[in-house]
Amino acid sequence: MAHLLFHLRTPPHGHPAGEEALEAILATSVFEPPLTVLFEGDGVFQLVRSQDVHALGCRDLAANWSALPVYEVTDLRVHGPSLAARGLTPEDLLLDVTVINDAELAALIADVDRVLSF
Amino acid sequence: MRIAIVVRSGPASSQSSRSALRFTQAVLDAGHDVHRVFFHGDGTYNANTLSVVPQDEEDLSASWAALGREHDLDLVICVASALKRGMLDASEADRYERPAASVRPEFVISGLGQLADAALDADRMVTFGG
Amino acid sequence: MATLHLINKSPTRSDALASCLRVLAPGDALLLIEDGVYAAVADSTGSQALLGHVCHALAADIAARGLQTRLADGVRVIDEAGFVDLCVHCDRVMSWF
Amino acid sequence: MRIAIVVRSGPASSQSSRSALRFTQAVLDAGHDVHRVFFHGDGTYNANTLSVVPQDEEDLSASWAALGREHDLDLVICVASALKRGMLDASEADRYERPAASVRPEFVISGLGQLADAALDADRMVTFGG
Amino acid sequence: MAHLLFHLRTPPHGHPAGEEALEAILATSVFEPPLTVLFEGDGVFQLVRSQDVHALGCRDLAANWSALPVYEVTDLRVHGPSLAARGLTPEDLLLDVTVINDAELAALIADVDRVLSF
Amino acid sequence: MATLHLINKSPTRSDALASCLRVLAPGDALLLIEDGVYAAVADSTGSQALLGHVCHALAADIAARGLQTRLADGVRVIDEAGFVDLCVHCDRVMSWF
């Protein structure tokens, strides 16, 4: 089966891209393809710990991201330079992820069959 | 070659719908197959039958519908995105007690499984908008 | 004649903040809302532009993004009532997208 | 003080509609007058009566309508923007032979003169979205 | 009457902001208020000469901008540093404009009553 | 295993182009469409990132923006048929917003 890459580069809450990506990932995981989720650029903000949407009243996307392993979506990669440029470290994230550098990201792209962009 | 196309922006809000339409036409002109056009998020607005476009501007929604009829394209709008944006077919309008359908008959409302299927089955997938 | 400048985009999604800072006048106020608050994260590339400036940021937007304990120095967190106060006390409001 | 508010984004596509709603509520709580809320471009989607929002999410369009009723707000959507986006009241739907109105009754469709008037008459004008 | 500033920082064709601004400017000019139009950031691309929309088939916004003086909208300012950063000079523009620097832009902002942003 | 990278945002409205260039592999193709073509203007801050890279840009998008005679060196103008060709000859298409 084709290896799919879900590429997130939009931050949470300002726009619905994260929500749309999450729904697409869950709908796709049913087919059990090789599936990688990449958080790059502002997309790394999707996984920041301690998101509290109570006051704003919007959807609690972070809780949904946390549940990914339950759906056996476990190949999660975060672009390290994007994280560093935003003052974040892997300890700031709510999921166990693989941090990759530019060369590893280039290799990942060359390795997948189709890319879905959010 | 089978090419799937994803549209993520509305016709009145971004150039991306126009780009996707021109690309889809070029794919057909080159003799390739359009596997499916999947409209996600704001892309679902492309199915709107209520929009009234000024006469000196192209009605992109009508152009999508015409291209779909001409080439028997599978034009699918994401149900989750569509409902939030008031894009309803007759059965959804009935179920949610809304006064009318707002989706053109050339478009089909379906789930994200159709996006997954397109990604897995097509030879290429190209995303517009976002 | 102070201006309240409103920024709602991430610093990687718009040059709004950088452009606004070029023309900020003494007495002007700067408020980060929505994705604009990403510029307020300590030790980020975005927050370097803010060095030496006092700015405000909306509490609900910061909390929703998990940035409560990650803010750069000089960022004052306010609520919507504070937003209205800034709006009233400045002479005009300028939104930068 | 009389404060005018401009909303330039739709409720399903950006946080700006929510920001504007919270700000409008805070203006009223502080005892100021809301001169008008003008919905321009994609902001006109806030008037949509056909949208179906999931039960665990706030229906921002309904919230605008409720706030408008409670405080007798002047909620105006731009006619040029609205028509292109299929936002029609009964008379527009009739004129353009569309099957139904799609605008909630709490909103008024009018021209950009209402934006100019708000800019000229209010003490402050605050723009959300874009 | 209040002095209005229309502030354009969105480029043409990708998004309808330019079109919306133009319609709002014309509707406002009827009231004959003091009215300034500012092109700043990517907004300076609105005024580039030789825009040819024939192939793309979208609206010919440049023709509408050219007509502003007909509606007696003549106070047009362009932010010089924005122009220079985009490889453009005033000769590249389709209208006669006043080029202003940062200090002049700051002074303009302090001088107007209300700002409309596009 | 070449990739076609698609950029549709102005360089001041997204870090898409800069981010894409970090991971561009030999043999990959880069295509600027919509507001992405603003990065192709000669002597602009945006086009400096492109120095030393070959990239493609869509003719209709360039003409609509009046940039026909203002392009940086190394920018190859193609039409939609060329876009389809690139898509077919690369192994995958990656859109950066």
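Chains here go by letter, A, B, C, D, E and F, matching the order in which they are written, and residues are numbered from 1 within each.
The criterion applied here is as follows: a residue touches a chain if its C-beta (ideal position, glycine included) is under 8 Å from a C-beta of that chain, and two chains touch if they have at least 3 such contacts.
Treat the numbers as computed from the prediction; the structure is a model and nothing was measured.
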Length of the shortest touching-chain route, chain A through to chain B: 1
For chain C and chain D, chains touching each: A, E
Common touching chains of chain F and chain C: A, E
Per Cα centroids, the chain farthest from chain D: F
Taking each chain's C-alpha mean as its centre, the one farthest from chain B: C
Distance between the centres, which are taken as Cα means, of chain E and chain C, whole angstrom: 25
Chain A and chain D, separation of their C-alpha mean positions in angstrom: 33
Separation of mean Cα positions, chain E and chain A [Å, integer]: 39
Junction residues of chain B - those touching two or more other chains: 12-15, 41, 81, 124-125, 127, 130
For chain E, residues contacting two or more additional chains: 10, 13-16, 41, 56, 58, 114-115, 117
Per-residue overlap in chain F, given as positions that touch at least 2 other chains: 8, 12-13, 15, 34-35, 60-61, 92-93, 95, 97
Pairs of chains in contact (touch as defined earlier), listed by label: A-B, A-C, A-D, A-F, B-D, B-E, B-F, C-D, C-E, C-F, D-E, E-F
Chain A contact footprint on chain B (complex, rising order): 6, 40-41, 80-81, 111-113, 115-117, 119-120, 122, 124-125, 127, 130
Interfacial residue positions of chain A with respect to chain C in the complex: 11-15, 41-42, 45, 48-56, 58, 62, 85-88, 92
Contact set on chain A toward chain D in their complex: 13-16, 56-59
Interfacial residue positions of chain A with respect to chain B in the complex: 1-2, 4, 10, 16-17, 20, 23-24, 26-28, 30-31, 33, 114-118
Chain A partner contacts - residues on chain D that touch it in the complex: 12-15, 18, 56-58
